[in-house]
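The two complexes that follow have chain A in common; it is paired with chain B in the first and with chain C in the second.
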Partner chain A sequence: MLFTSYAFVAFVAVVAVLYYVLPKKAQWPLLLLASYVFYFIAGPSFLIYITATVVSTWYAGLRIGRIGAAHAADAEAGKATRSKEDRKAVKAKAKAKAKAKQRAWLVACLLFNFGILAVVKYSNFAIFNVNSLLAAFGSPDKLSFLTIALPMGISFYTFKTMSYLIDLYRGKFPAERNVFRLALFTSFFPQLVQGPISRFDDLSKSLFEEHRFDRRVVLSGLQRILWGFFKKLVIADRILAGVTTLIKNPDQYTGAFVLVGMLFYALQLYADFTGGIDITIGISEMLGIKVAENFNAPFLSRNITDYWRRWHITMGTWFRDYIFYPMSVAQPMLRLSRWCREKLGEGFGKRVTVYMATIVTWFATGIWHGSSWNFIAWGLANGFVIILSHECEPLYKRFHARFHWKGKPAYTAFEVVRTVLLMSSIRLFDCYRDVPLTFRMFGTMFTTFNYGRLFDGTLLKIGLSGADYAVLGVGLAVLIGSRVVKDRTGDFRERLAAGPAWVRTAATFALILAILVLGAYGIGYDAKQFIYNQF
Partner chain B sequence: MDELLRILTKLHPDVDFTGRADLIDAGVLDSFDIISLVAEVDSVFDVRIPAEEIVPENFNSAVALYAMIQRLADE
Partner chain C sequence: MKRLRSIGFSVVAAVLCIAVLWLATRLVVPKYDTGIVEGNLTAEYYQETTKHDVIFIGDCEVYETFSPITLWEKYGITSYIRGNAQQLMWQSYSMLEDTLRTEKPKVVVLGVIGMKYDTPQKETYNRMTLDGMRWSAAKVGAIEASRMPNESFVDYLFPLLRYHSRWSALTASDLKYLFTRPKLFNNGYYMRVDVKPATTVLVGKKLPDYDFGANAYQYLDRIVQLCKDDGIELILNKAPVIYPYWYPEWDKQMVDYAAAHGIAYYNFLAEKDAIGIDLSTDTYDAGLHLNLSGVEKLSTRLGAILSQDFGVPDRRSDATLAADYAKKVAFYDAMRDRQLAEIAQYGHVLGFGAPAQ
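What follows is the complex of A and B.
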């Protein structure tokens, strides 16, 4: 059931009506039922996977919580019986013992759940690589590929539940005792498909509290949903035909057309993914539930680090908090850093562990996106550029000390364009899905001087007509205009909510009309899959 | 505290760390700086900062950072 299908719109409408009509105590159980129905429609067998994740995480969480509680009770009892000096040593020993027990449950649950993810998502990639190696050594043997369907949203919900468990282990909050509540946190249907990857302490309060009907809140949520549909149907799905033609015919479209395809894909992915997240946040808002924002104008970033603070924020912070930081500050890494500082110099010692953690984190980010080499190359390319820009920082500082351009509008515009081009170039790995082909096509941008062909009408033969370009122009203008308004006057929807009712209603109907008139439908219209659904 | 300010100033000589409470929120310290800081604190103060302590509240100001170091040293 795709977000842009009529069935999904009807599903959300029924859930929203029941949510506010039924007694408030039934609100979160209704959402759990709706989420499981939504998941059942996607694939009945998928319920087994998600239920295994919920139950294993819930049980491990309970055990971790109990060990923590028992340790706290022991420490309290010990206070009265021991001297002050003894108490500190005994406390540290008992804490270490309790932590070790908790860690055993944590590790077992992480292995179980990431094991499921590894089997369903990466088995065939591993088999493909083993077969390639066998063939390279001249062996006629081949392993058979597994026929396991990839459960929808498994990467997202696994990350969500594992963050719950790690945060619980870290003592951030007590264990959730009610397995059904944890089941709703895991399966909440608006964010099951493509995130955001919410944290338990961030989402749970508004997810489980009772909400009364508030017309303004519901209308505001509805407007956010419509904004998401606008991005998806008017921009992403319309430009799709052009992107597909340019990318699927690499021999025909080289040089200038690679640049156009790259920029078109950047726009498509942005409209598709942020549109999907707008729909998720809008549905949640309609139900009174606050879901974390996932984007903050990423195409206004001034460098790659800034970009990753603004794009897919919840995924970036997940990898930062659960891989990058723990790996960087682990004792063996700190020891390695110290050793390198003493033996190989201060600069090298400082860099070595951070760069190792960066490479591992970006490798993991790449493979999280998909089980193929192009995603690994995409992740490593990001890591490489981040390290390179870090290495170039002294150069930048010298440059800015000499030329006082930093902060000036023209230089800021240059930084923004540079970042858009850089990030779009790296994303070519995602476009062509073939590492050698990506390098070849990237190279043709600088070796095939066919930029004049951009104006000979070829771009009108790639599945996009003049009318399509006009609609895309309008869509892009609305996208940029909305951002300019937001920057100058604050949140547009908040201002709209504070204004007269007729303006709110007119704006909502204008958005509906724009989606109906400008959306990419036509004969044989088929709702297009969201790009991030596949991850 | 002076030792900590020395470490911070070595990371960013152009920043006045005594008066700022937005080091993370304003992007003054990025994740690379934080890891360098954790390594320095480990070697200078002999205090291990675990990953769960790397949150903006502990790194937004020199005062908060120092309070965390003292708390971890006491544990």
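What follows is the complex of A and C.
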């Protein structure tokens, strides 16, 4: 069920009505039922995967919780019978033993669930690489590809449940005893397609508490949904034809058109992904549920680190909290860090292990996005640029010490444009069919000087008419305008809510009309799944 | 009081929103006033103020084949054609159902070429046939039976969702026909006076299976039953045109079907020489459709059948009908004269319905 399908709109409407009509106790069970219906429609067999993840995580969580509770009870019981020193030693031993047991459950559950993800998502990639190696060594043998359908949202819900388990292991909260509540946390339907990757302690309170109907909250959620549809249907799906033409015909569109394709794709991806997240957050808000924000004006970032703090925030923090930090403080890494500091000097030696963790994190980020070398190259390129910018930090400092431009509007604009171009360039790995082609096309931007062709009408022959460009121009202006308003006067919806009713109604209706008339949907347009759904 | 004001505001806002959406819909739906005018065929029927003794149902093998005006002028028969481009059997059934909601003809003449299709064919033809139909159970049934995989019922319910992308292609006629519709047909007859002779004799390609499909038969059965239930005589007919090819195997199925159900079947293609139809002069597109000359010859023949064999009465003595048809005849003559003038001036008929330039 596409988010942009009539069926989904009807589905959400029915769920929302029932949510507020039924007794409040039935609210979260209703959402669980709706989520499983939503998932069943996507593919009945997918239910097996998600249920296996829910049950295994719930059981492992229970065991981890019980081990912790038993350890605490033992420690309490031992207090009266032993001396202070004995108690300390016994407590430490028992704690270590309990932690080892908990770790065993954690690791088993992680292996099981990441194993499922690996098999369904990466088996064919592995087979492809084995076949390529066999062919390279002249072997006529080939392994057959597996025909496993990729369960919808598996990357997202696996990350959600594993974060639950790791946080539980770390003692952030007690284990969820009700398997159905954990099932809802895992499968909450607005989040299932493309996140955000919520944490259990963030989401569970508002997900399971009872909500009264509040017209303002529902209207505000509805406005957020409409804003998401505007981005998706008016901008992302409209520019899609142009992007597809430019990147699917690399022989025909080189040089300047690679630059245009790159920028168009950046706009498409932004509008598509943030639009989808707006719809997700809007639906949740309508139901009184608070979902973490996933974006914060990423194209206003001034450097790549800043960008990744603003783009797909929940994914970035997931990799930071569960891969980068744990890896950075792991005993072998600390030992390696000591060794590097001794051998390579305090400065660089200290950074080596950080860079190693960075590379591993970005490799994981890349492969999480998709099972292809393009995504791995994309991830590694991000890691490489981050490391490079760290290494260049002394240069920046010297530069800023000499030229006092930092913070000035023109220099800030330069930084923003530089970051947009840099991040869009790296995104080219998403576009072209393989890594060598991506490098070749990137190169043509500097070797094929056909920039004059941008003005000879070619851009009107790539599936976009003058009217399409006009709509895109207006859409982009609205996007930028909304951000400017937000920065200057605060949240637009809050201002609307505080203003006169006729303004609120007129603005909401204008948005509906713009989506209905200017949206790229229906017959004549291909219904497009959100880009991030494939991750 | 505050609550009352709030309710009042909500009602006014809702009415305004609906009005704007309705206007936007009216603006973007195709007007079919020039070029492909067939999209207006269905809707024009509802402008009729009088009842009809004969109703034609089918595709272009009725609406470019029979002239209700000739039937009136020569036999005093009142008739209307409820035909559309590539009207499929289930659509014909719904069109008949829709007609029977408001009138009870004595005879229904059904074109059988539609039997060759057993499944929905094209979204654009579906829309041209069904958009103009008034909402009723018949229309819902027709939509459900006709939908292509990429079509949605919601798109029919709210045409703005289907035609929204026309905003960038709007013309002056979209404003001109915002609240009205152009009058383009003669009781459902699509007139063409130009001539393009048929120069080749078509030989049908061999088909893997000559049997009409079960779905087409199912709807033919339902049409037969509908006519029986209402005491209406049903006539099946094949138009005297050579495209698309009418296979003998198909003809036999219709002959057998008509015999089995006790209904009349006329293959006018087999009779065309006897009727006097000459496809070197009586077609405007090399044998696919008849022109006015061919249509009037065939209508004269059918009029004789209807009045003599089916007892369809001569209504010319009815003053109300005579006054109504006098206007129709004048419109018919004017359209014919205009097309002839266009041919004299330009050598061809301009885009149908378009003003001469």
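Here is the rule we go by: the second predicted complex is superposed on the first by the 528 of 535 C-alpha atoms of A that agree within 3 Å, B and C clash if a C-alpha of one lies under 4 Å from a C-alpha of the other, contacts with A are read in each partner's own complex, and residues count from 1 in each chain.
Keep this in mind: a contact is a pair of C-beta atoms (placed from the backbone, for glycine too) under 8 Å apart; a residue touches a chain by one contact, two chains touch by 3 or more.
Given the structure is predicted, the values throughout are model-derived calculations rather than measurements.
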item	value
First (chain B), second (chain C), both or neither touched by A:Ala467	second
Partner chain in contact with A:Leu518 - chain B first, chain C second, else both or neither	second
Which of chain B and chain C A:Tyr6 touches, first, second, both or neither	second
Chain B versus chain C as contact partner of A:Thr444, first or second or both or neither	neither
Partner chain in contact with A:Thr505 - chain B first, chain C second, else both or neither	second
First (chain B), second (chain C), both or neither touched by A:Thr161	neither
Which of chain B and chain C A:Gln191 touches, first, second, both or neither	neither
Partner chain(s) touched by A:Ser425 [first = chain B, second = chain C, both, neither]	neither
Chain B versus chain C as contact partner of A:Val354, first or second or both or neither	first
List of chain A residues in touch with chain C within their complex	6, 465, 467, 501-502, 505, 509, 512-513, 516-525
Contact set on chain C toward chain A in their complex	6, 9, 13, 17, 20-21, 24, 28, 123, 150-152, 154-155, 160-162, 164-165, 167-168
Chain B partner contacts - residues on chain A that touch it in the complex	92, 170-172, 305-306, 309, 320-321, 324-326, 328-329, 331, 334, 337-338, 350, 353-354, 357, 390
Chain A partner contacts - residues on chain B that touch it in the complex	27, 30-32, 34-36, 38-39, 42-43, 48-52, 54, 75
